[in-house]
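Two complexes, one shared chain (subunit A), two partners (subunit B, subunit C).
Up next, the complex of A and B:
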């Protein structure tokens, strides 16, 4: 376990040494120790917590909307060949639109603030969830559906007792992917447009030529991203084991 | 045969333009254990699936309890060979049996007693809370059989149910199913490619041939097994009748004919 930290620690130490000697006059880089101190100041004056809460809050809200709609739409398209045929062209045209390209439109519709950010996050997470949910419906073990036929289980009961539980492990795979996307997109929206959150703080630090604070934010975002993705992965594995299916 | 639980009248089945089963007639009487054997690809599973109502015959008709089969029905229970893919991995043993009762609309209050009874019957009473992944292959297959028993079927259709098990477990389950059939008075149509299994379990063995033609129809032989019940692995398999039938039927499993 400790071996994993050797290379990052060496890199940090090298950066520290370089920034204190050769790069002492650099406007771009600062020693990691200075970044930690700057981050600690942001924590004491409260800006760290408000920005973190804003970004995680809007990412979570956008994810909730995108995931819920994606699962519903994916189920509909997975269950009905006809619905899938009708939706196919629309999905294939809209899905590849980079979510960042929607920022100008979202700004016009919602203005600055939470709503435009979560709209972009919801859009970005909706598509992969839709595709994975649709596949999950279609990948339900055919023999289980035959068991349902043999038992003459009704349509609604088959959906509730077999199709939905069979989808769960794959939905958690979709959730893990969507969590990572939501975080990236939320920070991107803040860097590009929205004057709130961690991305905005990062940009402000950069524009006020404060590389220590900028690197502090960068490290903090990285740390949060790692923690959240690790938690999502752990949840996915836990569910996959409980539901007895290979994810 | 009007009192037959299952009756095939000149049933032919074509799949993908190929004749899988040529016109075939036979019946299974109440309490009878009929085994179907034949080489791979002879259509024995297709025949069983037609009995279940999963496959519609191209010609002729299948009747269960005198009524023409138009699809699956709860009077016929189907035991799949691949128990691993026929059980719900997210439900424990009880929950898997409950599926049959939910499908039949059995009131919630009556379910626990009936679940306990069938799990007891197949010897899984102490494993009611275990999940399929926590059970051995033989136990999983017994669980599937329990789920079928829970629907109180007039007819059990079994598709090579012991084919994926090791030899010792297979013999143990053969004896269990034979005992079960006698105690519960079940009617069984049992598909297998194991000749000895067919003779050991069956009251009657139907041998199918692959690639049926006009003068060589699907049913190559239909033979009554006159070995007294209850049978026991060693003595039954040394019984002169067993040896004679094995020799007689051996040719139908891809050795000549």
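Up next, the complex of A and C:
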């Protein structure tokens, strides 16, 4: 376990030593200790919290929309072969559009702010969730569906009582993937265009030649991303264990 | 066959909706150009060569970055996957860096390398490397113990083990990683063009949006979609050719 921390510690120590001696005049890199101090200053003046709240908030809102729509569409396409055939070509044409290509469009439609960011996040998370949800419906035990037929359940009742519960573990796999995507896309939107949030703070720190603050933000974004991904993975495993592992 | 027809019908319905929404004034033309205007912009841009050159620049950046990512990812992944020691010391660090958005590394790369095409390429390769690297590690670690014993019994040198047993075993994982890496490479290329003002589709669509030229914006988005579609389809085809025993999970 302790070995996990040796390499990062060595790297940080090397950077610290380099930045304090040879690279003391560098505009690009700063000692990690200075980065931590810069981040602490950002925490005391509040910019750390507002930017973090903005990024996480719009990522979560976009994720909620993209995930909900993706699950709905995935269920519809998974339950009806005919609907799936109709939608197949359209999905395959729209899905490969890189999410970042929508940044300029979202900018044009919504202007800068929360709405453009959550629109891009929702688009980016919608497609993988749609594909995974559709696959999850297809992989529901056929015997369960036969039970539903034998009980003469209607479509809505089948969906609610049989299909959705059987999908849950796989939906959490999709959720874990979508969480990772949402976070990356939100930060990317801020770096490329949206003048709010952590990505923008990172960009501003670089442009004002403040490498300590820039590295501080980079480390903070990395730490948050790692923590959130780890939490999502733990949630997925927890659900899989509770529901009887399917994933 | 009916399924193909249905797919075409669905696609036609989508186009009809677009046509109706833009012509019927449901959505402002500022945001949603008509399909005809988009096609005209696309044709003009491709004929006069500007859009074609941008597309070529973006595709080149994506492919170069992806190629670098694949080479570096397989080499590093093989080195790490082969040795338990390297895994214990390095893998946690790599797992920590992996969720970091590649675009977040871009400001750091700009600070170090400046606004150059090489900087964008380096970030593209960095971002796209992770799925290949982790796929290679996973593929090497999951070599069946029996095969390891065979290699030990044959007194195979390490390099031969990697080449004859390890990498073939990891090929499906590497293939899946490479497909994901190509998607990442396209995304990071576009972002790089947007913030480092390198010529390419990313810059083109950003400028089109700033000038409220919606039809050019849509033409650029359509081209990016086509690049993503074609590259993914080619790679899936290549995977099937290379590994006929393996049905790639889409």
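By definition in this document, the second predicted complex is superposed on the first by the 234 of 247 C-alpha atoms of A that agree within 3 Å, B and C clash if a C-alpha of one lies under 4 Å from a C-alpha of the other, contacts with A are read in each partner's own complex, and residues count from 1 in each chain.
Following the convention adopted for this analysis, contacts are C-beta pairs under 8 Å (C-beta built on N, C-alpha and C of every residue); 3 or more make two chains touch, one makes a residue touch a chain.
Keep in mind the model is a prediction, meaning the values are calculated, not measured.
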| item | value |
| --- | --- |
| Partner chain in contact with A:20 - subunit B first, subunit C second, else both or neither | neither |
| Which superposed partner A:229 touches (first subunit B, second subunit C, both, neither) | second |
| Which of subunit B and subunit C A:238 touches, first, second, both or neither | neither |
| Touching partner for A:3 - first (subunit B), second (subunit C), both, neither | second |
| Partner chain in contact with A:86 - subunit B first, subunit C second, else both or neither | second |
| Contacts of A:152 with subunit B and subunit C, given as first, second, both or neither | first |
| Of subunit B and subunit C, the chain that contacts the larger number of subunit A residues | C |
| Which superposed partner A:203 touches (first subunit B, second subunit C, both, neither) | second |
| First (subunit B), second (subunit C), both or neither touched by A:144 | first |
| Subunit C-contacting residues of subunit A that also contact subunit B | none |
| Complex contacts: residues of subunit C adjacent to subunit A | 2-3, 6-11, 13-14, 30-31, 88-90, 92-93, 95-97, 99-108, 110-112, 183, 186-187, 190-191, 194-195, 201-202, 205-206, 208-210, 212, 214, 217-218, 220-221, 224-225, 228-229, 232, 250 |
| Of all residues in subunit B, those that touch subunit A in their complex | 52, 54, 71-74, 76-78, 80, 82, 85-86, 88-90, 99-100, 102-104, 131-133, 151 |
| Of all residues in subunit A, those that touch subunit C in their complex | 3-8, 11, 27-29, 82, 85-90, 92-94, 96-105, 107-109, 131, 180, 183-184, 187-188, 191-193, 199, 202-203, 205-206, 209, 211, 214-215, 218, 221-222, 225-226, 228-229 |
| Of all residues in subunit A, those that touch subunit B in their complex | 141, 143-144, 146-154, 157, 161-162, 165-166, 168, 242-245 |
